[in-house]
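The two complexes that follow have chain A in common; it is paired with chain B in the first and with chain C in the second.
And now, the complex of A and B:
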C-alpha cells in the first residue's frame, strides 16, 4: 500500500464520518466564533477593546477569530495523532492496525491530513469574512494568507506530536493520561491566544522549541502590520521548518518504539 | 441499593482520582485549559481597575462554566462512555435504576469540581490578584446554588437522554456546554450583556441561578428585581427538571426498544 493509498483510505474514513454526522461539520464552522464570543464577552465586561489594542497591537475581534481558527487546526492535528492509538485500542481495532502490512510512519503522517483540510476550508467561513468586514479586499488576501500559514503551522506540529505519541504510548499502562496535560500546555505555548512576545521569559523559551509557535508569531506579525523589521516572517517560517525537520528522526524512532512495545506486551481486545 | 452505590463510588473514586495519578493529571489539565482562555482576558483589563475585581468576575465565570462542564461531561457524557464500553446493557439487564449509578458518581464529581475551583482561585491569585469574593447575602446564595444544581441536573438529563437515544456526538455536547453559559448570561452579568442576549437569557432557566449567585458573591444586581429573579428562577427550575425527567424516561424506553446506538471517535 503506497502512501497515496493510505491517505485515500484516511480521507474515506474521516469524510464518511464527518458528512454522515453533520453536527461535526457544523462544529468546524462554529468553533472559532464560539471561542471568540467566549473571550470577547468576558473581556469586554472586565475591560475594553482599546486596552487590548494598546497591549497587543491587533483588534481583539480579529485576534481571537484568527486564534480560534489556528487553535482548531493545531488541536485537530494533535488530537488526531495523540488519541488514535487509544481509540484503536478501545475499539479493538489496534491488533488489525499492527498486523497490517502498512508503513506505520506513513499511516501516522496521513492521519491528520483529511481533518486538517476541512478545518482549513472552514477558514473561509470564519477568518476570511471577518477580515473582509474589517479591511475589504485587502482582508481577503490577508485571510487567505492566514489560512495557508495556519496549514503550515498545523503540519509543522506533526513530527513533534509523533515523538510524544510514541513515547507516551510506548511506556504502556495509563501513561496516556499525560496527554491531557500536554495538549493544553502546547496550546498555551504556541501563543495563539496569548502572544509569545508578551509571555514571561521562561514561557518564551519553552515556546521556541515548538515549531508551530514560530508560524503563529509570523501570523500575528502579519495582522499587526509588522512585516519586515528585525524579525522577518520568512525567518520565522524557516526556523519552524528547521525544527520540524529536527523532530522528524525522533518522531520516526518514537513510533517504532511504540509499535515494538505493543508487539512485546500484546494488545488488549 | 447502598452496596451498589458504594461499589460505584469506590470504582469511580479509584479510577478518576487515585489510579495512575488521575487527580494530578486531571487538575493540571483543567488548570492549563483555564489558563489558556483566562490569560488573554487579562489583556483587556485597564491598569486603573482593581485586579481583585477582575479576578472575582473571572472566578464567577469559571464557576458557572465548570459546573456546566460537570453536568455535561461527568453526568450526561457518562452514559456515552457506558455505551462505548458496552456497559450500559449490563446496567439495564441488572434491573436496577440507572440513577443508582449517579448516586455513586455525584460525590466524586463534586469533590473534583471543588478541588478544581480551589486551584482556579489560586491560579487567578497568581495571575492577577486574589478574587474579591464577599458573601453579601447567604440566603440568596443558598437559593442560587440550589436552583443551579436543579437546573444542572435537568440539563444533564436532557443531554444524557439525547445521547442514549440518538448517540449524540462529542462536538455537539461541547457546543452546548460552551453556548449555554455564553447565551444565558452564565459568564457575564446580564446587566453587561447586549439587550438581545438579556431577552434570550431570561427566557431560559439557566440565567436566574447565575444571576443570584453573582448577586450573592459579587454584589452585582440582577436585571430583574431580586424577588422576581427568585420567583421566576424557582418556577423555571421546577418545570425544567420535571420536563427533563419525562424526556429522559421516554428516551430510555426508546433505547430499550431500539437498542444502543453505535458511536464514533469524537
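And now, the complex of A and C:
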C-alpha cells in the first residue's frame, strides 16, 4: 500500500468531517479575522498602533491577521496528531486502525496533511486580501509567500509533535492530559503572537527548540522588511529543517513505543 | 522467517493456533486521594486451541471469562504474558504485520466507525488502511453492501451516526470482510441485534465457513452457538473447561436429564429452599409469564420424580406443567461453568 492511498483516505476522512460541519468550515475563514479584531479592539483601547509598530516593526492589523493564520495552521497540525489516538479510542476505531497492516509512521505523517491544505487555502480569504489592501500587487506576492512559508512551518512541527504524542500516549492512563498543558505553551512559544525577539531569555531558548518558530521568525522578518537579504530567511529555514530532521528518529521511536505499550496493556474496545 | 513447526501447522489446514496463552492485567485501584493499589486480574490461565479452515469455532463463556482477551491476542492487539499464538503460521507477536494482512476483525457492533462519514466512506477509509484502493476497493465495497443487504436498507450513503444497531453490525462485518481474509475473528457479532439482522449474520458466517474461512466466534447465546458453530470451546475464568461439537458437549454431561416444572404461585426463594430440602440442586427462575420454573438435573428422573412433586405440592404450590428433557447446550454451559468455579 502506498502513502498516496493513506493520504487519500485521510482526505476522505477530514473533508467529510469539515464539509458536513459547516461551522468548522466557517471557522477556518472567520478565525483569523475574529482574533485580529478582538486583539486590535483591546490593543487600541489600551495603547496606540504607533507604539506597536515601534516595538514590533509591523502594522498590528497585518501582524495579527498573519499570526492568526499561521497559528491556525501550526496548531491544526499539532491537534490533528496529538488528539487522534484519543479520538480513535473514543470512536472505537483504534483497534481497527492498529490491527491494519498500514505503516504506522506513514499513517501518522499523512494525518495532518488534508486539514493543513484547507487551512492554507483559507489564507486566500484572510492573509492575501489584507495584504493586497495594504500593499497592492506587492501584497499579493507577500501573501502567497506567507501561505507557502506557513505550510512549511506547519510541516516542520510534525516530527516534534510525533515525539510528544508517542511519549504522552505511551505512558498510558490519563497522561494524555499533559497535552492540555503543552498546547498553550506551544501557542506562546511558537512566536506567532509573541515575536521571539521580544521574549525573555528562557522563552527564547524554549522557543528555539521548536522548528516552526524559526519559520515564523522568517515570516515576521519578511513582513517587517527586516530581511538583510534572502540568506536571512534561508538560514532560518535551514535551522528549522535541521531541527525537523533531528526530531525524526525520536518521533519514529516514540510512535513505536506508543504502539508497543498499547499492545502490552491491551487496546480498549 | 517462518519456523518449520509453523509451516507444518499451516500445511495441516490449521488457521489459528493458540498455545498455552496466559495474560494478567495490571489495573490501578484508587485507595484515596494520593494512594492507589495495583490489582492483578488473571484473564487467561493457559488457553490452547486450534481452528481449521472451513470451521466455525465458538468461544463460549460468561462475562470476564477471557473471550475478548483471547480475540485481542489473536488480532495482535494484546501481547500475551506467556504462550504463543499463530494465524496461518505467523506469530501474532513477532510477525504482527503478516497476521494483520490475514485477519478480518469485528470487536463490538455498537461503535468502531467515524460518525460523520457514510457507510461507504467508512469502508473506503478502512479499505485504504488495509491496502485496497481504486476500482478494486469500490467493487469490493459494492459487493459487500449487496451481500449484507446494506443497499436494501438504504445505508450505503447514510451517515454512520444515523445507523441502527443492525446496520452497524452489518457494516462491521463488511469491514471484516473487506480484504477477503482467510481468518475471521468475530467477538459477539449479534449482541443486541434484532432477529432479522442476527439471522442474516449467522447465515453469512455459515456461508463464509463453507468458503473455507476459519472463524473464531465468541458469543453468550447458546442457541446461536449450537446453530452456527462446528465446535465449541467453553471458557471460564481464563481456562477452557471443555471443548467439542455441540452434540459431544451434551454427551459429556454425566448422563443427566432435566426435570422441568412450571408452577403458578409462590416465591422463588421459598421454592428453592423446599427443593433443596428434598435433596435436589435446583435452578429456579421466574418466566416472562410470571410463572415459577424449577429445573433439576438428575440421572434417574423416573425414580425421583415422585419425591420431588410430593415436596413441592405438599407446600401448596400448583403445578402447571411437568416435563423431562434431554440437556440443552445451556445446561452444558451452566454445568461446566459451575464445575470450573468449584
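The rule we apply is simple: the second predicted complex is superposed on the first by the 266 of 269 C-alpha atoms of A that agree within 3 Å, B and C clash if a C-alpha of one lies under 4 Å from a C-alpha of the other, contacts with A are read in each partner's own complex, and residues count from 1 in each chain.
Definition applied: a contact is a pair of C-beta atoms (placed from the backbone, for glycine too) under 8 Å apart; a residue touches a chain by one contact, two chains touch by 3 or more.
Worth saying up front: this structure is predicted, and the values here are computed from it rather than measured.
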Dominant contact partner of chain A by residue count, chain C or chain B: B
Partner chain in contact with A:17 - chain B first, chain C second, else both or neither: both
Contacts of A:181 with chain B and chain C, given as first, second, both or neither: first
Contacts of A:52 with chain B and chain C, given as first, second, both or neither: first
Which of chain B and chain C A:266 touches, first, second, both or neither: second
Touching both chain B and chain C, residues of chain A: 17, 21, 173
Footprint of chain A on chain C - complex, ascending: 25, 28, 68-69, 72, 75-79, 97, 100-101, 103, 105, 107-108, 110-118, 121, 124-131, 133, 159, 175, 187
Footprint of chain B on chain A - complex, ascending: 17, 21, 23-24, 26-27, 30, 34-35, 37-39, 41-49, 51-52, 55-56, 60, 64, 67, 83-84, 87, 90, 173-175, 177-178, 180-181, 183-185, 187-188, 193-194, 198
Parts of chain A lying in touch with chain C, wherever the complex brings them together: 1-2, 5-6, 8-9, 12-13, 16-17, 20-21, 91-93, 95-102, 107, 173, 263-267, 269
In the complex, chain B residues that touch chain A: 19-22, 25-26, 28-29, 32-33, 35-37, 39-41, 43-47, 49, 54, 57-58, 61, 84-85, 168-169, 171-172, 174-175, 178-179, 182, 187-189, 192-193, 264-266
